[in-house]
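One chain, subunit A, appears in both complexes that follow, with subunit B as partner in the first and subunit C in the second.
Let's turn to the complex of A and B:
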């Protein structure tokens, strides 16, 4: 089964606007989830210059879906949704 | 010959029980003439009096060499000015002087010190010519003056007799002490094991080994000077996207200098390097947790390390400005500073495109000062750390 890829931006803008709150996110995952999610930290997702997206810090899921103003809870619940969908 | 970096270093130990070192070592670089001068003097006896003698000697010697005073005259002034020892009726401190201008030959003057060692790799090289300079005032004191042909990669080693006489009369296996031949053999072994060993490391190892011969007790002051002519160690810091996108490829090629010598500084910059060189950056959540007060440091395999841009450079600047110890800095700044210290020549490759990412009104305004931060870092590196710096703009 493909893992869900979560890219956390840690570029200047995202860092300054709170990306560090995401750095402990792994610890908040259940054991099963940990095996199904892959985290990567990125230098700049190139999203921070596009106002329409909603604002840093950004997280990108599976290479396309963007979460703006990302928090650990947001990321985890989105990952849960995706995992749930796969299960069905 | 101009692409040479001259590393001059010295390691010393003071005679056990003495408050001051009776040896004195001084270096002088005359940038205008691309000239490098070193002086080592061993004052008669030990302690404060010896210290004064040797310091007077090196101070005068540097001044005379720099002003190109003839050898005999310089030596006579030095010997005439030193006080005479009541007991031994000799007035002096011994010395070794080294004087080298890039493109020319090195001149080495010795009086009373163990003979210098010239190594090319592990091979010992003799002087091109050598003569004795004798003063009428001091008939029993001769000065040996040698001309040496120095090439890239060569090393010159000289020391006080505290090094060569270590173990003298004390160790059965070294009746005459470690001797010059022992130092020579030791240096050759060290260079064979590590052909690029720095001047500082080699001088440290020689000095501490000589002290180790007498189990850490210094019977005499110990000083060892190593001068190493090497190709400068070059590092490159790429920061900022190029003004024109067409230049991205050429810009990225500047990162081909070997992994230990490259820093890519800035998110957008890292993206360009990844795209152009087909490399990928790796940063983990753990890196983020260990990052301290800056964004984390990543690694682009085969290319170099990657850091965030402007915050990190700003931190590097303030650390250099305030002379803060490197070890207390957040990981990314620490890594950049440590690399800077390890290299002689630091080349900045700066992209000048305004970073749209920083136009967010929520961000502090100072963010767009990449160019001025780089310029200030450059001038500190030149002024306070004797680095040569080049800045190219794209």
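Let's turn to the complex of A and C:
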């Protein structure tokens, strides 16, 4: 099964506005989740220039879906949703 | 730590720089508080209007103004901005003048919640137990049992908190005023309006209230606008980056220096190069003082909050403070020798450095947060920057100045290089608070034998400074 890819933007704006809090997510995941999710810390994803998207910090999931103003809870629940959907 | 206040400060600074760079700050600045707290969206305080009012004051502090000085409440941010631009172009310093006008901290009255005075109270959790540890541990006999429950006589209570720890049911709580609790020198108190006020004659600018206030009511007066204006005028600015920078941004210190260069600084340097000079000079000073009087005690001079503490609260010990200039001052010297036309900008995690910079002719001080805001607004990603080609990296002991014990280690290493038998009887004070001040007094009075006392106002050292990026 393909892993869910979670990219945490660590550009300067995201870093200033809370990306550091997102970096601890991986440690708090259960063993099963860890096997199915791949976390990556990325240089600036360039999303902060687009005012329509909302605000930093940004997280990108599976290369396309963007979470703005991301918090650890938001990321975990979205990942859980995706995992649940896959299992159906 | 007040994360919410931290994020809002950063968000405001980023927006300010973005609008400045787009040449529309004068038109947009008054709208920033409204854009950040639009209608029908949640508020952080009682309502969005209160939020917006506080945001206006935050921007005022970001423009460099003291909130206590506000004389006209109807004055808009854009006219404050005009004032800064005019004053800077006339070569005036918006800070100059009275002692409180130079103070880098300011309390925003409308943000202050006027926390009720500290009090120890018994709650519903009290079971009126047989053992009554609260009663037996109270040194003032302030606790009695009335109607099967403990009651504290407030006229006798000295708020020592012994009952709080003694109760196995956690039934007794101590409410507090966080800024007053955090201030090591009793410089912040509520005034006649019930709003916190800083007594600037006592304040050592350690920044602890700034960090601890849960309402984010203590604000730092920034020089960001002056720096942006100087850059725009084409003045040659040098970014002097404090050793504490190593843990503040993603990427290495060399990458951060490249990022500063990209952001518009003409020159960059690590302040650790200045720290090397501090080590040499301080070691020589110690050896000289020791040879004259083996019973002497010398204390470090690089933490400005510590120097302020001695000067304002224990002036009788001032001659025990090393006369060696701090790494920032040496860095300024190095750059001014290279090119006297350079304007120096110290970039660090410290509030008190702003007061030292004024005394020592460093042109501007900027916090890591403010540097981050400039980088973010100008789309400079530290992690993607190339490493800056340093002539040579600073010595490891100099780069370690930002940790507690760093200065002592540097001095020992330097002295042992010359005399392998060198011994230092040192003590490190890791963070200034009410308790450690008592310890410091014992050392300085010679009650505890020491000859080298290192004091850092922030626990762990500068890297945990009030304006650090944690």
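Keep in mind that, in the parts below, the second predicted complex is superposed on the first by the 88 of 88 C-alpha atoms of A that agree within 3 Å, B and C clash if a C-alpha of one lies under 4 Å from a C-alpha of the other, contacts with A are read in each partner's own complex, and residues count from 1 in each chain.
Criterion: a contact is a pair of C-beta atoms (placed from the backbone, for glycine too) under 8 Å apart; a residue touches a chain by one contact, two chains touch by 3 or more.
Please read these numbers as outputs of a predicted model, since none were measured by experiment.
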Which partner reaches more residues of subunit A (counting touched residues only), subunit B or subunit C: B
Contacts of A:40 with subunit B and subunit C, given as first, second, both or neither: first
Contacts of A:10 with subunit B and subunit C, given as first, second, both or neither: both
Touched partner set for A:24, first subunit B, second subunit C, both or neither: first
Shared subunit A contacts, counted only where both subunit B and subunit C touch the same residue: 10-13, 15-17, 20, 41, 43-44, 48-49, 55-56
Subunit B partner contacts - residues on subunit A that touch it in the complex: 8-13, 15-17, 19-20, 23-26, 39-44, 46, 48-49, 55-56
Contact set on subunit A toward subunit C in their complex: 10-13, 15-18, 20, 41, 43-44, 48-49, 55-56
Interfacial residue positions of subunit C with respect to subunit A in the complex: 3, 7, 10-11, 14, 249-250, 259, 369, 372-373, 375-377, 379-384, 469-470
Subunit B residues within the subunit A interface of the complex: 266-268, 270-271, 281, 283-285, 287-289, 295-296, 298, 306, 308-311, 356-360, 362-364, 367
